[in-house]
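Two complexes come next, and they have one chain in common, chain A, joined by chain B in the first and chain C in the second.
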Partner chain A sequence: MVEDIRSILKEHGKLSVDIAGLSDDADLYQAGLTSHASVNVMLALEGKFDIEFPDRMLKRNVFESVSAIRAAIEELTGGA
Partner chain B sequence: MTDVEYSSESLYDELVRHKLILPVSEPGAFGRGAVFEDVLERFGDLVTRISKNDGAERMQFPPILDRKTFEKSEFLDSFPHLAGTVFSFKGTEAEAKELQAKVKAGENWEDTQSMTGVALAPAACYPVYPACAGTVPDEGRLVYMQNWVFRHEPSPEPTRMQSFRCREFIRIGKPEAVFEWRNAWHKRGLELLLSLGLPATSDVAADPFFGRGGRMLAANQKDQKLKFEVLVPVISKENPTAVCSFNYHQDHFGKIFGIYTPDGELAHTACLGFGMERVVMALFKTHGFVPAEWPKYVRDLLWP
Partner chain C sequence: MSKANESPHVATAMRIAREVAGPQAASVDRDARFPREALDALKEARLLSAFVPKAMGGLGLGMIELSQMCEALAQHCASTGMVFAMHQIQVACLVRHANGVGFFERYLKELAAKQYLIASVTSEVGIGGEMRTSICAVEKSGDRFKLDKDASTISYGEHADDLLVTARAAPDATPNDQALVLVSKPDYSLERTGAWDTLGMRGTCSPPFKMRSTGSAERILPAPFADIASQTMVPFSHILWASCWLGISTAAVSKARAFVRNQARSKPGQTPPSAMRLAEVATQLQMMRANVHDVASECEYLMNHPESSIDVLSSVAFAVKMNNLKVSTSEAAFQIAHRCLGICGIMGYKNDSKFSIGIHMRDSMSAALMVSNDRILSTNAAMLLVLKDD
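Right after this comes the complex of A and B.
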């Protein structure tokens, strides 16, 4: 799952640094993730994992790191 | 103050009855009467008076924006539903006849129109950013203007207009200077409206971004406290109307339009805008529909 998240961030995140050089806990906003890019990441994650983020999860901190995104997806897919 | 009753319909009816607004067939496109305009101009003069020592530079643009700037601004990424692009007829004489016949027959004539090089200004400040491209001086720049802006949101609520005037100040410069300026004006704007006897409060706010992605953008904006509004009850006590908003764009426009500080960093920008018609409606709702009967301290401020 982490590899899929990283590949979506690489494609849609428009980060100012290479995602490969960032740890799972690195702050993506510090790495150049903008609000608009985070929306595109969110929509790409929904497509890839066949999930829909509820309103309560459409928040900045849910997409702040690879680990945070993984935790959110695990919550929505029942940890599968 | 005695209990005031708030409703959208009653405000609209009272504004019409006192000839303050002039109804037309399309919602949110009504005209403004002489007394309404006098109050609006007087409030504008008051804003000019309290800011006269700020050293702001005036820029005036038409209420249209060149389409390249409009596209570059990313307005369509956030608010595709609010934008208005200007379309026009570019056909032959025969096609003009076809257009006229369709209009006269009450048929749909949109296929006779095509896109022009301009959009209606979605915000008064947008043309300022490309005009400030390059390196700003060490102290930054401060610009002001008043302009008509368009939002495609037809509604019977008198406070929700498709076209209205916004009086804006725009600050461009180093992040800390811009942030402090925004905070100082936030306090000043609230005090100004309170001084006119308006029951104003201020709150963190979010823009009406489009769709589900928009809900995320709105949550981000609130989390980061990028937008504040000064609110006054006009058509509802529970949901007061925003009459003034303060927006901190961080480096959004600096990045898009290439605006830099002398140290080579991206400039930050912020703007504040008074929704002029909304301020005037708040005054009428709060003090009554006849300005001659308003409290003396309010009249003294507006008609010094």
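Right after this comes the complex of A and C.
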């Protein structure tokens, strides 16, 4: 799952650094993720994992790192 | 202003609006000069520390009363209302994100005691109006910092005591990794690089400047600007600006009412045709007022319950709602003024008539431009792709 998340961030996150150089806990916003780009990341994640992020999850800290995104997806897919 | 009489502080702002801001408004507009008399009166009444907690010497007011004050001031002088609003937005950022931090706690007490006026330096040449992006950076060395910014506009920059400046958090930080820095006289200098000769809001005196500053590193707010922006700067800006626009609209509709009454008196028994147009514009004003009051009340509630509201304040749903308030009230403000011009006719078109609508049209035209509505709508368009609202 982490690899899928990383590849979506690489494609849609418009990060100012290479995602490969960031740890799972690195702050994506400090790496240049803008709120606009984060919307595209959300959309790609919803498509890839066949999920819908409920509005309560649409906030900054849910998408702040690879680990945080993984935790959110696991919550929605029942830990699969 | 229905509930205004419940607050003695709002009553004070209304008195200053009527007795000081109103009488100076024409010369402020004509000469594009700072509304000094009104700001002095607001300082005298200690309203510049309206949002500072009581324990620190302020009045401890909330969003609703601030909103009512902005509306009252802008009804009589839009520039005064907007200067007051912009100052309160800066104070709110400090109170809500730096209170409890040694330096800022001392600063806020001093602000309350001395009634300092803070200007905002978020704009920058080259960022295209995107507040959440900076080019300039804070350069720290030891316990000092250096920060230079080429600002495309600083409202009342030459009349402020202190500046609250956005910048990249460090020279190697990304454009959206920003910090907020408080710089005070005599630690900064401003070199004016252009003029402020505009259609409206002329008394905000907002030309471009090159700002140079240094200071002690404790003047950098510890919270990331991303949080300060979403939880405080954006909601306070959009609600207090909207309150100013509501004041402008109220002023325009008051003139239209007076004009229609005059017409009606001249032919008793006959409802003048313009009365229908007045009835129409009154519905739009009521909708605008309900919008501002609703969002201000919700915000005040959220801010009074910080433990449960941080999540709400940083959510996409809340951001969309704030943006909706900004776009809808800024459009309404100009439409209402334009409709009032239609009602007052040539008497509204004349600059020297008591029914003159020109100043309200010119002032309200700034509303859709200060943070461009197109930019806000495009942000909302993106956010609505993921927001379910269910």
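Convention: the second predicted complex is superposed on the first by the 80 of 80 C-alpha atoms of A that agree within 3 Å, B and C clash if a C-alpha of one lies under 4 Å from a C-alpha of the other, contacts with A are read in each partner's own complex, and residues count from 1 in each chain.
The working rule: a contact is a pair of C-beta atoms (placed from the backbone, for glycine too) under 8 Å apart; a residue touches a chain by one contact, two chains touch by 3 or more.
Remember, predicted model here, so these are calculated numbers, not experimental data.
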Discussion item. Using the superposition on chain A, tell me whether chain B and chain C clash or fit.
Written reply: clash
Worksheet entry | First, second, both or neither for A:Asp4, with chain B first and chain C second | neither
Item to complete: Applying the touch criterion given at the start, work out whether A:Ser16 contacts chain B, chain C, both or neither, answering first, second, both or neither.
Response: second
Item to complete: With the two complexes superposed on chain A, say which partner A:Val39 touches: chain B (first), chain C (second), both, or neither.
Response: both
Worksheet entry | Touching partner for A:Pro54 - first (chain B), second (chain C), both, neither | second
Discussion item. Once the two complexes are aligned on chain A, which partner has more residues of chain A within touching range, chain B or chain C?
Written reply: C
Item to complete: Please work out whether A:Gln30 is in contact with chain B alone, chain C alone, both, or neither, and reply first, second, both or neither.
Response: second
Worksheet item: Which one hits chain B, of these parts of chain C: 99-107, 171-179 or 279-287?
Response: 279-287
Response to the item:
Note: overlapping chain A surface for chain B and chain C spans 35-36, 39-40, 42-43, 55, 58-61
Worksheet item: Given the complex with chain A, which residues does chain B contribute to the contact?
Response: 74, 77-78, 212-213, 215-217, 219-221, 223-224
Item to complete: Over in the complex, which chain A residues touch chain C? Could you list them?
Response: 16, 29-36, 39-40, 42-43, 46, 52-56, 58-61
Discussion item. Give the list of chain C residues in touch with chain A in this complex.
Written reply: 132, 173-177, 226-227, 230, 311, 314-317, 379, 382-383, 385-390
Discussion item. Using the touch definition from the top, list the residues of chain A that touch chain B in their complex.
Written reply: 35-36, 38-40, 42-43, 55, 58-61
